[in-house]
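Chain nomenclature is as follows: A, B and C, assigned in order of appearance, with residue numbering initiated at 1 for each chain independently.
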Amino acid sequence: MYVIVAGGGRVGFGLSQALLANGDEVLCIEKDAQRCAIVAEDLGSASYQGDCCEVSVLEDAGTGRADVFVAVTGDDADNLIACQVAKARFRVPRTVARINDPRNREIFSVLGVDATVNSTDVIMSQIVQEMPSRPLTQVLSLTGTGRELCQVEVTPDSPLLGQEIRLLALPGDSEIILIVEPDQTVRTQVNGLQLEAGQVVLAITREEQEPALREALTGVAPE
Amino acid sequence: MKFLIMGCGRVGSGLARSLADEGHDVTIMDVRQDAFRRLTARFRGNAIIGDGLDSATLQRAGIENADVFVSVTQGDNRNLMAAQVAKHIFKVPRVIARVYDDSRADVFRELGLQTLSSPRFVTSLMRDMIFDESGDTPEDG
Amino acid sequence: MKNSWAGPFANLFGGKGELPTAKTVLVPLVGSTMDESALKVAGEVARESSGRVHVLYIIEVPRAVPLDDPMREQVLNGERILRDVEDHWPHKKTSVATELLQARQAGPAIVTEVVERGADLVIMGIDHERRYGDYSLGSTTAHVLQHVPSRVWLLRAPINQNGVR
């Protein structure tokens, strides 16, 4: 797979190294000559100095045969425009942009960027994962559907222990899709089950239904 | 007509002043307050400090009722992003972005965005002046 | 009176041969008017020191195509040039090996070859190039000078003979 990584900062550099280690063909484009020289020390010919939003640079980079174009500079506008040029002019099948301002997610999606990664979200979910009581964690945002995959761990002090799953009052079109039992058994037929301490419940929901879903699964009202 | 201008540089401030003088409802935005020094004291429009890439700032500037949105900051990508937000998210009827990079301007023109590539425009005017055999130049004529 | 001070050049004429020695001399052909001179000097040095010469022809592959693209025309041309070197190699006891490589950039490819072949001398012939009104060493030569671990000799063409842009 040929992946073009626009932006040679920490994220772009690290991503390029990981992709190369994975055996992919990579080109990391960095605008700043000094930064590019540092990146080139490690990436060699897999680095390229130029402005990733300029058509001529993307042409030299062979963007026309790229399978994926990833824009991970620290500037949301740069990431958006680079992805749009890659898609509109070079027909790159998949464009992925890093967004630094989470409020830009919808804009990027409307403007044709295939997927966005928000570093704040990633770090947040990591932190939440590490916290002792994890009320509800977003596992994955399902691009294009407006929905997301969430998980809740049933705690030993949950007021809902013993509650039948099918009687839970889930909000809107939220749905429980599977339950991982404390012994790691995965159950996809969930309706006959009861909530037990140590279970992990995976559900599909919408962002606005998150608080209500959390309440439905933990029995604790949002603060 | 309600005009929203992003970027209070030479072009943005000049455009804002002339439109306001004609009696139009003009709001101009810039991230730096000192950019507004280019507006004269008698400027009758609104000046808002804020990032035109931020939807909250755009709403505060009244983008939902704007008839025209013009982005003329120093950054091509900022101009193109803001213009697309105005066009596709806030459905502003007329949107124009100033772009320095000709090739980038072409890409977004093909995507249906009105772009003005200033170097190409100046080059073409310059050629007209050079080859104007009458000897009159539009500027000093 | 004989000078008793042992200066840095005391053994100037006391060594084994006329030229400094090298076991493996690497010559990257870069298409300059000095390529032939580079080959000649490399042959002499290798002969003097019972070494060998490794000649490199690198095709820079544009990123618009994969690195292993057939590059038919360039490969044919490269093979012709390398065969020409072998056919006209004047030394009987000093071996010459040739190699055709495809790389994104010649500079890093030369560095890799020097390291892999354990070459102890690189000889390169370059032209005097001007670009945008100023002298330009060229990115390949600059990279070689900065990164090749072994000795590097540059043979530069006289000014004005070539390469005026």
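Methods note: a contact is a pair of C-beta atoms (placed from the backbone, for glycine too) under 8 Å apart; a residue touches a chain by one contact, two chains touch by 3 or more.
This one's a predicted model, so the numbers in the text were calculated from it and none came from an experiment.
Asker: Please identify the chain lying most centrally, where each chain is represented by the average of its Cα atoms.
Answerer: When every chain is reduced to its C-alpha mean, the one closest to the whole-protein mean is A.
Asker: Using C-alpha centroids, which chain lies at the maximum separation from subunit B?
Answerer: C
Asker: Given the two chain pairs A-B and A-C, which is bridged by the higher number of C-beta pairs in contact?
Answerer: More contacting C-beta pairs are found at A-B.
Asker: What's the distance between the Cα centroids of subunit B and subunit C, rounded to whole Å?
Answerer: The computed centroid separation for subunit B versus subunit C comes out at 55 Å.
Asker: Between subunit A and subunit B, what distance separates the C-alpha centroids? Give it in angstrom.
Answerer: 35
Asker: Whole-Å distance, subunit A centre to subunit C centre, using C-alpha means?
Answerer: Those two chain centres are 49 Å apart.
Asker: What parts of subunit A, by residue number, touch at least two of the other chains?
Answerer: none
Asker: Could you check subunit C for residues that touch two or more other chains and list them?
Answerer: Residues: none.
Asker: Which positions of subunit B touch subunit A when the two form their complex?
Answerer: Per the stated touch rule, the residues are 53-55, 75-78, 80-81, 84-85, 88-89, 101, 103-104, 106-108, 110-111.
Asker: Can you name the residues of subunit A that touch subunit B in the complex?
Answerer: It comes out as residues 53-56, 75-78, 80-81, 84-85, 88-89, 101, 103-104, 106-107, 110-111.
Asker: What part of subunit A is in contact with subunit C in the complex they form?
Answerer: 2, 25, 27, 44-45, 48, 59-62, 64-65
Asker: In the complex, go through subunit C and note every residue touching subunit A.
Answerer: Contact set of subunit C toward subunit A: 62-67, 103-105, 108.
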